[in-house]
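So that we are looking at the same thing, I have put the structure below in structure tokens.
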Amino acid sequence: MELNGVTIDDTYAEAFPTWIARVIITAVTEEWAYKAAVEATGFATSAIGCPCEAGIETFLSGDETPDCRPGCAILICASGKKKLKEQLIERIGECILTAPTTAVFDGLPDAEERIPVKLHFFGDGYEYQAEVGGRSVWKIPIMNGEFVGEEEFGAVKGVAGGNFFVMGENQMAALMGAQAAVDAINGVCGVITSFPGGIVASGSKVGSTKYKFMSASTNEKYCPTLRERVEGSEVPEGVGAVYEIVIDGLDEEAVSEAMAEGIRAATTVPGVVYITAGNFGGNLGPFKINLSDIL
Amino acid sequence: MELNGVTIDDTYAEAFPTWIARVIITAVTEEWAYKAAVEATGFATSAIGCPCEAGIETFLSGDETPDCRPGCAILICASGKKKLKEQLIERIGECILTAPTTAVFDGLPDAEERIPVKLHFFGDGYEYQAEVGGRSVWKIPIMNGEFVGEEEFGAVKGVAGGNFFVMGENQMAALMGAQAAVDAINGVCGVITSFPGGIVASGSKVGSTKYKFMSASTNEKYCPTLRERVEGSEVPEGVGAVYEIVIDGLDEEAVSEAMAEGIRAATTVPGVVYITAGNFGGNLGPFKINLSDIL
Amino acid sequence: MELNGVTIDDTYAEAFPTWIARVIITAVTEEWAYKAAVEATGFATSAIGCPCEAGIETFLSGDETPDCRPGCAILICASGKKKLKEQLIERIGECILTAPTTAVFDGLPDAEERIPVKLHFFGDGYEYQAEVGGRSVWKIPIMNGEFVGEEEFGAVKGVAGGNFFVMGENQMAALMGAQAAVDAINGVCGVITSFPGGIVASGSKVGSTKYKFMSASTNEKYCPTLRERVEGSEVPEGVGAVYEIVIDGLDEEAVSEAMAEGIRAATTVPGVVYITAGNFGGNLGPFKINLSDIL
Amino acid sequence: MELNGVTIDDTYAEAFPTWIARVIITAVTEEWAYKAAVEATGFATSAIGCPCEAGIETFLSGDETPDCRPGCAILICASGKKKLKEQLIERIGECILTAPTTAVFDGLPDAEERIPVKLHFFGDGYEYQAEVGGRSVWKIPIMNGEFVGEEEFGAVKGVAGGNFFVMGENQMAALMGAQAAVDAINGVCGVITSFPGGIVASGSKVGSTKYKFMSASTNEKYCPTLRERVEGSEVPEGVGAVYEIVIDGLDEEAVSEAMAEGIRAATTVPGVVYITAGNFGGNLGPFKINLSDIL
């Protein structure tokens, strides 16, 4: 099919289950919540080499947070609950508790699965329990006043690895197409794009043909400079660069919507010529999201 | 002493040795280098709970980089060389190699200590060696073209934990004083402030009096809300909030200069009333930086 | 009344009619639309000394714009229709048409009052008419491709000068209170805050007591440093600084909602102690917005 | 000649004299100085339709400003001294005096030509003279405290209209090339790029062939979509989009350096294929800046 003159490949994205927690960070202003969120979601592009995948899901106004202050919701994703708990503890403890004026609240209060994150021990006995906006919290005396935090976070089984590929005539066209896609995905609730700026420049395949000790290596079939050298290149003629957008989300619907919005946006950028998606033949991931179904 | 009407405590910051690498990230524009740098330096506030300490040291113009493109220099700090190597590999591999249009170069080419970071295996045999701006690099075919990277990074023994405390009449005065300090420190070469927005809201002491399993807990002597409850509170009368600025740097001179510039800036902010620094009695860290000496 | 422990004065804001146009700017990415919007709404704080009042009302996703690209809506406000037309022509012509990848569309298609903005003459005969998203537009060949623009903009009689004052213990508390208010108002549709960062540091009174040639001068009754020197100071004891938030909007409802959201947000900031509003005794402006009614 | 594989046209930019003032804005933090600077330099792309040309020249650290606070220097350019004075008064009075925590200082204290900007009348008699950092200033009581400002600004005869054109294979390549150029120019002292984001998408010629009432119209010889339709098109084969960078600066050296840095940066962006400059045959402007001389 075609969209805005751009060919959409007849294929699907193959995605995987992941455990996800949603942490609401509030602060005195949106900017300070954002700074904490940026730190807390860094070094979290891919579970292959990072301890988790994480990103900012959405900004929240004071109407939408327990303490009526502006904030951000971040998603933290890990393949197992134990890893998720560890990352919640470390990232909240090191990157949010330490940040000016912040508070944290559970962003999935209805989730059945509950993960304890016992920050209050940091208070060394000076901490006390209180209620804020209907939430049971601990108040911990710290240098800038009192830190307010919930200690139990909901977790749900979500979807990791929703994706599509933006191909352009040249590198800058593909990059701006990918950027437009990320802009659009930022408006979709329940999803994140965990890579730098939301964009992957170096998609990988599982393992390596030459270096057996590598768990992942460059996906040569999608490398434009190797188009003439590798058999079965997936780079269409006239394509100079490829970017992948990888999406994690709370459920398949959210990931599908994000893929659709992102693809639509990418096709409005001049020089974007082809959109496809990544899969492993359908044998690995339980989620198969067809591009033609969602558009 | 007094500076701009603000009392400067007659004390010193106690700091520690750390291994530091300096990574130059370039990209097609400053913005894309910055996005990669933000991801690569996230989740890196304190070595207590994060895998390393990291931050953006400075922006670089095309005149200052090997490939004549704009960029950022980041510092990555770890207590041991092994940990530093591991973090270099993971953060460059997951957060910079994956980012659009980036290249990486060693930012300490004169350092004797060299750390190998063998990214080229990602190329699965399609990679090749080349020279860029006098540097020996690998070019790795990836989806957005070719990634260019050096594979050996200099490391030096630097200084971690340079610090000072900004105390204000109330929380907002202290916060803006801390922000002004961070602005000033951003202009000093060779240093980073690794906490969110460069500021620590919840300084800690070693261990915990009540919870023996905690390796660190709130520094109650610096908590304004506990001023009347704890013995020996270090919070002067009239102080409503305290922020700490923690500085890591390539050497003691850079850290001292950053402390001086930061303190001077903080004292220009109305409502900032007192500046002090943190130490452990001088028994732990080999570096003792006196506030009165540097100002 | 009190809100979050902050006293809300029993008074009202007095506001005035103004003509308003709403211009939708789209671009290849949100960032490029934003850059054009910033330029087009600059030098537009107050109709007293600027040619108009202007600001960014909201960001728009591709779902909300005629050409399916991301964008911004800006409001341009002037007391008369002739002035509004002149400012539309100059600001669209000089600041949007000149900006990379932009298009402009009317943001008030249902308004009865229509203002012609004949940009197509810039095309020197090479321009042509077309339809984009149901809008009749001109396409003008320019250096970066073709500029797409509507040439008729709706105008409505809106409300200028909705306002409230944020008073704090000291300058930084008041400033962050004002900033939190602006954050909240940014989430309200149909309004702008035209001053730098949305905040007024130097509210004025009509005319001058000493310098008869001045049409406006400092509002000494709201100057904290003059509290003891002027008769009838409106600065309560314990207030160290005052900021005014001035709101222009499409109708009284939008302005009232923005005032309410802004005031609520300001009261969550520690050190904010008093909120009031500005009026002229009720004789000048037809709109009187009571703080107690809207909260 | 060629630079990084990009053809540099053998031509020159023709530039014109202009009067320039340099205003230093300081504030409690860099961010607040920046917000004031953005407002004060808005609606100031081209003297053709805006009241002046203006932009942010550079950021300043506390070491570089009279009151030891962080700041920005902006340049305001007008063809005549009377217009420059009017714009200084209005832009400082409406956009800087009104902004939180700001102060203003003359950025050209050595210039012989002096322009009075009597802000102190705003104080209505409550203002008083003082000295800050060796500068004679007025302190004006305002709502957020006291505004500090010098009242005399140096003016020099500078250079307006230094320029070059970035041509790319397609729109996104040309845009990113232009962006890279602006990044580089931002690092050069003494210059501004007054257009939105520093970039012109719709370069113009003097007058209009078809519409005699127009003082400027599209420069059809540089419009890629008209390449086959107009005689003497200056768009080389293979060029899909053109952006112009226009530079104003304090002297010819600064403008030349900015042009050189900008061009060098643009040539590092993949898909940029041709660089040229705009002139009027050399009969209009006294400054002729050869691309081959400066590179």
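Order as written gives the chain letters A, B, C and D; numbering starts at 1 within each chain.
Everything that follows uses one rule, which is that a contact is a pair of C-beta atoms (placed from the backbone, for glycine too) under 8 Å apart; a residue touches a chain by one contact, two chains touch by 3 or more.
Computed from a predicted structure; not experimentally measured.
Listed here as common contacts of subunit A and subunit B: C, D. Judged by contacting C-beta pairs, the busier of the interfaces A-C and B-C is A-C. When chain centres are set by their Cα atoms, the one at the greatest distance from subunit D is A.
Work out the mean CA point of subunit B and of subunit C, and you get 39 Å between them. Our note on geometry: subunit C versus subunit D, Cα centroid distance of 25 Å, whole angstroms.
Chain geometry summary: the mean Cα position of subunit A and that of subunit C are 34 Å apart. Listed for subunit D are residues 28, 145, 171-172, 175-176, 269-270, each touching two or more other chains.
The residues of subunit B lying in touch with subunit C in their complex are 168-173, 175-177, 269-271.
Residue ranges on subunit D touching subunit C, taken from their complex, read 28, 32, 35-36, 38-46, 48-51, 90-91, 93-102, 121-126, 140-147, 165, 171-172, 174-175, 178, 195-197, 199-204, 208-211, 213-214, 216-220, 222-226, 229, 240-244. Listing the residues of subunit D that touch subunit B in their complex gives 4, 28-31, 61-63, 67-70, 145, 176, 179-180, 183-184, 187, 261, 264-265, 268-270.
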